[in-house]
Amino acid sequence: MTQQSNHVSEIVLTLSCDDKPGIVAAVANLFALQGFNIRESSQFEDVHSKRFFMRTVFEASEGAKPLGDIKSAFKAVAERYDMQWSLCDVHRRARIVIAVSKWGHCLNNLLNSWKRGSLPVDIVAVVSNHEDMRELVEWYDVPYHYMPVSPDNKAEQEAQILELIDDQDVDLLVLARYMQILSSNMTDALKGRAINIHHSFLPGFKGAKPYHQAYARGVKLIGATAHFVTEDLDEGPIIEQDVERVSHINEPEELVEIGRDIESRVLGRAVRWFAQQRILPNGNKTVVFSR
Amino acid sequence: MTQQSNHVSEIVLTLSCDDKPGIVAAVANLFALQGFNIRESSQFEDVHSKRFFMRTVFEASEGAKPLGDIKSAFKAVAERYDMQWSLCDVHRRARIVIAVSKWGHCLNNLLNSWKRGSLPVDIVAVVSNHEDMRELVEWYDVPYHYMPVSPDNKAEQEAQILELIDDQDVDLLVLARYMQILSSNMTDALKGRAINIHHSFLPGFKGAKPYHQAYARGVKLIGATAHFVTEDLDEGPIIEQDVERVSHINEPEELVEIGRDIESRVLGRAVRWFAQQRILPNGNKTVVFSR
Amino acid sequence: MTQQSNHVSEIVLTLSCDDKPGIVAAVANLFALQGFNIRESSQFEDVHSKRFFMRTVFEASEGAKPLGDIKSAFKAVAERYDMQWSLCDVHRRARIVIAVSKWGHCLNNLLNSWKRGSLPVDIVAVVSNHEDMRELVEWYDVPYHYMPVSPDNKAEQEAQILELIDDQDVDLLVLARYMQILSSNMTDALKGRAINIHHSFLPGFKGAKPYHQAYARGVKLIGATAHFVTEDLDEGPIIEQDVERVSHINEPEELVEIGRDIESRVLGRAVRWFAQQRILPNGNKTVVFSR
Amino acid sequence: MTQQSNHVSEIVLTLSCDDKPGIVAAVANLFALQGFNIRESSQFEDVHSKRFFMRTVFEASEGAKPLGDIKSAFKAVAERYDMQWSLCDVHRRARIVIAVSKWGHCLNNLLNSWKRGSLPVDIVAVVSNHEDMRELVEWYDVPYHYMPVSPDNKAEQEAQILELIDDQDVDLLVLARYMQILSSNMTDALKGRAINIHHSFLPGFKGAKPYHQAYARGVKLIGATAHFVTEDLDEGPIIEQDVERVSHINEPEELVEIGRDIESRVLGRAVRWFAQQRILPNGNKTVVFSR
């Protein structure tokens, strides 16, 4: 990579830290002095946990500068406030791997959005415990890794996925209706870096066959939930949810069908917001600076 | 009541029975022969339980007729198919009692809709274990019954409410944020005749303080659920649900506030649909012929 | 086609006619006598136009019968009431042609739904005035007809499309973001058989660049509308609409992106409902027996 | 008012100005030096108009201070950037007057929210060209001003309303289904200080009887729009919109009824956001820092 390529003119900063006086002033001053102007900024203080969250997009007012220099300059402020932070080029594309089983609707939606240029990510690979989606994925010129799972090889298969993620510098694993439960080893290794789509409006209908549960309970709306993956199945921090109206006439199979549209768009939004650095973890919840 | 007042020109029939050939033909023929024409009709077969549901509005094509005569004529058909059925004047207004504790938003919405003529019911009385809503209710010229509850007098207080319901020929008890759990005696006595509004999107967040539960879980939509009251708290057949989008910035108190709008309109719809005979019970679910 | 293949055990009837006494009874009787039982039925009377609409699914109670025989038997009733009607095998798949220009999101959604078996149609062909979507369509093994349009050859190109529709017995032309305005010749020929997706919540923002119009007006929700195509652009009978919340932060390009999800699902529903014979035209409006 | 009462410990700043480097840093620094810490802040730059918008809530970190002193201190910054700005006590309640004609659903919702303490405003008075709502309003102990309108006295009646607004230091006039069109004199005088609820999803169905227009057009969703009042009827900056699903079965009267719920909640949100200083005008649009 050449020196030039490290010069940035638009950068996005995300940070969280315990709330103290002067954070915004310190951040704004520092970047103003570095020649960067705020284009868009959101802040939030969790008044219960006294934690402060911020996402700011800066643009250079005096020409592009080396990203490394800005990071160095910011380090003093970040350390003073004991911040968790990230600073990167707005145009850097998040690198994602998508895991899928036999159902391809979420995968298809991500691939199609990506191909038409509306999902600002690099899709590094698709991994699956089935071969069903190979053809579709390869049509999009994305590598397809068939990694079958059995009770015997589960640890090994997970290790393979983690290796791929490490080797390829992957930012996010997207479980696009991947029907395997990850081990706690895996969820620990990917904390804050794995998003799952669950096909219900959590916390209702956790676990298997949520649309059949929804049918049995007779609910009048069904939904889907994108959340970070944690050790506790379907209990991770929620990123996005949406619902559609249904009625007594809808058989479980129709709920499944209606649900596919909801799952696809909810997961699509979560991945886009992750790529845009709009999602900040806050304990078992999320701060999402969107809309 | 004079003879004339029993003459009806518009009637609504609701029925459910095990599905067998010829039901619709038999019903349509019978009423055609009685001089009544179908204006609006909905049918539904639950293909799992093999149960058939129907709601039909008829209008007289040869002038009004005595309701008793039509009922007698229909009885033969109803018995042949072992129907659960109801037949009544479209213009008969359902008689309701509203139970409330200290929060008046759902009550206020029902009273205001009713006063402007858009809720086709007679509000017979409001009962409450608090005095807070007396003034509002009396302004609407509705009798207010203060019936305080304690562990000691609970059975007695429920008996009072049931007596009121029996004496006044009440069709429906509406629990408009009535914060008392009814005994199983009471729920048995009012099966299919008591509607509660629960301030969450069931089955998520059953029990107490659902908005605080929703805040703690970090959901991105909150909701409300109108359901028939059964012995199992928050487990009765769902009639209607709705949701609103919220975000990380919303404190529990704001969720409560946003939720009030949702509760009010969800309960309002449920009461209207009950009054219009649009809700048919189907085991632990409902068939709602609305929209 | 063999005799056997004309035997049907599940049929769907749709009809509309001026409202008169006895229609439902006559229909129900006729089919009961033919050995068919009602499984699902919806009726509606437009009290302003005095027009009656009905959609009924019947199932054979005595084994499959020839469709032709049932049609013959029904003809007497249909003529008595001067009905517009259709009767066909529930399992018959609607034959559709999709027209597309350069934007493939609606097309992709239809193709993917269809391939996974959830859209009960036969996609006979895709026609386009551009080559952009050829690869995608051919991957799905659907014939792709490139038919460029210029002011000079417009009539000719439309004639080609109509010929394809006639030759292939096509039930529906789906304009999936096809950016050409059809001539009145074409819209007349395809009355009730062509569905367009317009990328706004009609009647707001007719015409070109509706998302940019929406941005300029500062609306807080954007939407999409599926409607039958008529001579008057964006004025045809509306079949389905949906919206999403947006805010001041959304640039026109983001509205376009958010809108793609809305367009895809709204058009998907309209095509499914057409295929299931749930849409009945009612002057410049539609009766949609869905949900 | 005592000196003490001018001391503030929580203040809300709103501002807009042409975008230039250093705004946020200057604001944050100024308030940090005055002993105020940011609790919540939102910024937005309109990249087309190059206009910058900001709303920040500060809390005192060293005890309450006189509001006048803080304003004086801020003036230098405000002038340097040529800001339009407002700074006030978070706990100051906006003073509103509600105008109403014969339909009381929006009024009733505002009064009830206000009485239960969930709408942080002072309702100074209700004005009306009819007597219908007097009783309701007086029950809430709010002054009711009957000001009938005729073609002859329109100017005079508007002058009366304006006088009331001036005399009583009113921040906002809420047109809660007030069926009179304001003169351009009146709209000029109240620029940015009058909110109307229009009973359609603008820009669809401007003008009279929008639900009947919606019925005639056969839309599948109906809505309501809260907007600032301007000389051009139904063309003012949109603050909030919402919709509900309807279908072919809904008569115009039912659309009116369903619409009342939408109107009430949309207007309720707009008034709350105004009271919380969340709405900043941006030409013919609004920046709303909500959710």
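The chains carry the letters A, B, C and D, assigned in the order they are written, with residues numbered from 1 in each.
Keep this in mind: a residue touches a chain if its C-beta (ideal position, glycine included) is under 8 Å from a C-beta of that chain, and two chains touch if they have at least 3 such contacts.
Everything quoted here is computed from the prediction, not taken from an experiment.
On a Cα centroid basis, the chain most remote from chain B in this structure is A. Mostly identical positions are employed by chain A and chain C in their mutual contact, as over half of the interface residue numbers are shared between these two copies.
The distance from the centre of chain B to the centre of chain C, each centre being the mean of the chain's C-alpha atoms, comes to 36 Å.
Between chain C and chain D, the centres computed from C-alpha atoms are 43 Å apart.
The residues of chain D that reach two or more other chains are 40, 44, 47, 245, 247, 249, 291, listed in rising order. The touching residues of chain B, when paired with chain C in their complex, are 19-25, 28-29, 31-32, 37-45, 47, 61, 245, 291.
If you check the complex, the residues on chain B that touch chain D are 40, 103-105, 108-109, 112-113, 116, 118, 139, 245-247, 249-250, 257, 260-261, 264-265, 268, 291.
Within the complex formed with chain C, the chain D residues making contact are 44, 46-47, 201-205, 217-221, 223, 237-243, 247-249, 251, 282, 284-288, 291.
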